[in-house]
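Each of the next two complexes has chain A plus one more chain, namely chain B in the first and chain C in the second.
The block that comes next holds the complex of A and B.
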């Protein structure tokens, strides 16, 4: 037997699929641009509010609606609040909402999708019925209904609790905002993850390497952790990256409509909503949050596309 | 004759087809019905037949990768067909399988070394310190250099991957390997290499093979005994000489007449026997003998009664009413 054809692999270092994907990602200019913008925004969300001399709530009625200057980088709004500080805090709001909502949605979606895909049968049918049902309800409508029907009674309940107990926990109603925003958005965001994961698990479950692993006697736990998850996670990463961007846009949209994060907590959405009323006179009040929201959307979509090309090289082009 | 390593008795595998909103059982695929045969120690037993005739199902059912619907698989005196996964685990070490498609039988996220080392560690066949040496020896056994251990499957060719799949099966120190179309997806030149490798390994480790294939030339080259399947049932089983030179079942005769001969004189005089019609659906197999719809010598009896699976002498089994 000749050994020549067996030595066909060159002597360059072995490349794992992950490292290979990383190599493709950092060669993709748009993806790198997206990644850098995402990192800058994440940095702003984490440390931004500490870096400005102004509090996002402190009003300076002597300097209302000031244009951009060295004192106020992006100017001030109708109450004299520093727009730069508010936009930074809005970035934090956007990230917190996006991360928590996506984490919740992924947890629900992956659990349900993996259960449906792995066990099949009646489980699969019931879970998928439920998924389709949730998907068929218009997103905006569901969020509006939840917020409109729950926010007032919950706030009222908090108020009575505060008056009864004087426990400071009940005074801060901002948490209701977040709770409702997180909850209602996670409720509409999980079905795509469930479908994706179910499809992945179904397709991987029937691959010969799973049968091969079973033939070796490996336990279900090993098969799941070493075979199913590493092979299923690529599309999920892409989907999560795109989902983070979508969640930010959704949060802004809801805040814009007044069913999301409420003033005075800054969110890009409610800043845009405020700015829209006076944009003829003070365009910077609309432009700054709108541009930042636009950049964030573009950043996540570039990164998502780049990840998709990097992780599923055969699917692209 | 060597003793039987595995004894298969009336093995059946039916797959329910579920349709509709509530998963009602709509139909049954009769993939394998009433197969009975022994697999002898150290032999190569080939199963041949058209696609969809149940060859692979037989291999999967023997290994309990598809739980048999009925029947018994006797290994070391126990019926492993009813074993659950936990009881199967120690037995899986002895009974291994190599698949057809070398591009999808290896986990793309694991290096070759990890893939080959995994069963060794899992079944605790050696210590962690000995592992690299062990992996290198296994790779050498299948004709691959040790440095391949650092590679990923996507960096290898089809033939190389099939060697890795074989090394992985060998890592458990098995007694029996099902080669499920193990060479069908490879180039002809690579096929020859892998066949020679399989024969070398059989000699070195005393392996028993169940070789599932549709390439009759290859089967004639490597088999000790050959079983012929048609639509989920065994038609005939005997030694290579019995089946190739003296086929009894009309289906086997037709099948053998399709094998080209290397000798030009023989090839010129070869009488081809072409079967009429198509293979019926395994969802609704014909009554009686499943071959009667296409059999040139079918009798009235063949429509109604299932021919008995019997030994016509010297271990030559056949299921046909027309054979005396």
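The block that comes next holds the complex of A and C.
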């Protein structure tokens, strides 16, 4: 490395961590493509149901299993429901599940990981032992177990609540679906966050710049907010971005197996599983939700990789 | 070294027990009354006769405290007794041991296929970093990773249907030397291959900047030899540690692949048990799946110092 660029860097005005990262992110073409796709999907999730003239539930029995056309962009399904509207509404389901599940998992993971890393010792070992064990149960099977065991008592509890209060809220079985899906998915999704945060806390605690900050007499609060959090949050953002994509795939997998969000609420997973029954005759019913799901996963994984390069410049090559 | 293996194993046994305890507790407190579940399916209305239900429960040992029942379950497991299925009344052990060979041989073939395909591809991609070849391999890996097996399977079947007459589209099971294994095997290997390609590529790029690679090149060692001797060996270590993760991907994938291609394995048994809320079967399969993953983690722990002598040195120091 010659000395000229070094001098040029030194002459530049200081650039904040975030602007620096943003600059690296938008120079990465794949990451920008991912970001744009994620934004489009998020827009569809927020405003999608307003964009189509059809309701995702309204049936048109005269136009069943129609192929894609100008009237129905992605065709219609076996009940004559507009597939485009259902995919849009499914995007909303996917985003709701992904965001809630990731938020729950991050909360559990960060709390456990940070306390384990901070206190160390026996407490740390117990938490990490527990984390490793949760990770060693194949996650689909764990969700199946949780579903099989908690669905009945939960429905029963809702039923008794309804009989006691006559509040129609307790009649809505959709809450049970969402509660079970959110709960069981969060219970399998937290361990990676816990591990990540613990490792971050451990490594940052012993960095020379923390020692230097201490030596300079900075307060704990400033050390935490200026040095520990910004350095710990980068990897977390990366793994949250990847986690959102994973949660969407998991949701569709569970819906496919019949343990996710139940019909008639559209979800990509139960659209795929419906499509599987008729793919020989109406391939579009399988292809459309499958392609959208694939696009969403690719988008989140591009964005995650780009964020990784942007926020951890030293780790990337 | 021996001490290390013994310590690992000593830590491993309670982990397995704790996983069993957790899964069993979910079943115990959540799944509802097994006796009632059995007799709700049986003819007659025993299910609504509280006195008889209580008597049967007493004789089946279901009134004992949780810990005692759990201990009994574990003791029975050790002799291969998983209890009986709620829906068919057959022994769970018989059901599982009929289905397991299908899943195990499929999974084993998938692991072999993954290793044979993914490690060379990852090596090539890493050695040609940021070239068109690298982008093609990495892009394909990302693509494969993004397609869940329940999408890839049916789409490939549709594709084959267009090429072959309908009757010869592979469906069902005929052992690992039967042509029908090809499609499920490929679909099951997609995600593990994608995982290992990315892992290998990242490891290669990491190793390329090591001093010993530069030294080897400076000495004039031919590039092929550098790749095979100096790069591949240290790259394999982090890749092998992913075995547990691959096992999880394969166990998960097998559920879908077996369902889509009609293979009579553990995955299809799981889905059937789930729709029947056949708890003993779900419990048994979950325990087997976790056991496999934990076993491969233990294997990785034991193999690690053999693969990486530096790790073995640091262990002697401990």
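In this section, the second predicted complex is superposed on the first by the 286 of 317 C-alpha atoms of A that agree within 3 Å, B and C clash if a C-alpha of one lies under 4 Å from a C-alpha of the other, contacts with A are read in each partner's own complex, and residues count from 1 in each chain.
As a working rule, a contact is a pair of C-beta atoms (placed from the backbone, for glycine too) under 8 Å apart; a residue touches a chain by one contact, two chains touch by 3 or more.
Note that the structure is predicted; figures quoted are calculated from it, not measured.
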Which of chain B and chain C A:111 touches, first, second, both or neither: neither
Partner chain in contact with A:222 - chain B first, chain C second, else both or neither: first
When both partners are placed on the shared chain, which of chain B and chain C touches more of chain A: C
Which of chain B and chain C A:213 touches, first, second, both or neither: first
Partner chain(s) touched by A:122 [first = chain B, second = chain C, both, neither]: first
Which of chain B and chain C A:276 touches, first, second, both or neither: second
Touching partner for A:161 - first (chain B), second (chain C), both, neither: neither
Which superposed partner A:294 touches (first chain B, second chain C, both, neither): second
Partner chain in contact with A:149 - chain B first, chain C second, else both or neither: second
Partner chain(s) touched by A:138 [first = chain B, second = chain C, both, neither]: second
Interface residues, chain A side, partner chain C - complex: 129, 132-133, 136-142, 144-150, 152-153, 249, 252-253, 256-259, 272-273, 276, 279-280, 283, 286-287, 290, 293-294, 297-298, 301-302, 317
Chain C residues within the chain A interface of the complex: 15, 18-19, 22-23, 26-27, 29-32, 129, 142-143, 145-148, 150-151, 154-155, 157-158, 161, 205, 209, 244, 247-248, 251-252, 255-256, 260, 270-271, 274-275, 277, 279, 282-283, 285-286, 289-290, 293-294, 297
Residue ranges of chain B touching chain A (in the complex, touch as defined): 21-23, 63, 65, 85, 88-90, 92-93, 96-97, 99-101, 104-111, 118-119, 122-123, 143-145, 148, 150-152, 154-157, 159-160, 163, 165, 168, 172, 193, 196-197
Footprint of chain B on chain A - complex, ascending: 1, 3, 5-9, 14-18, 121-122, 125, 207-209, 211-218, 220, 222, 226-227, 230-231
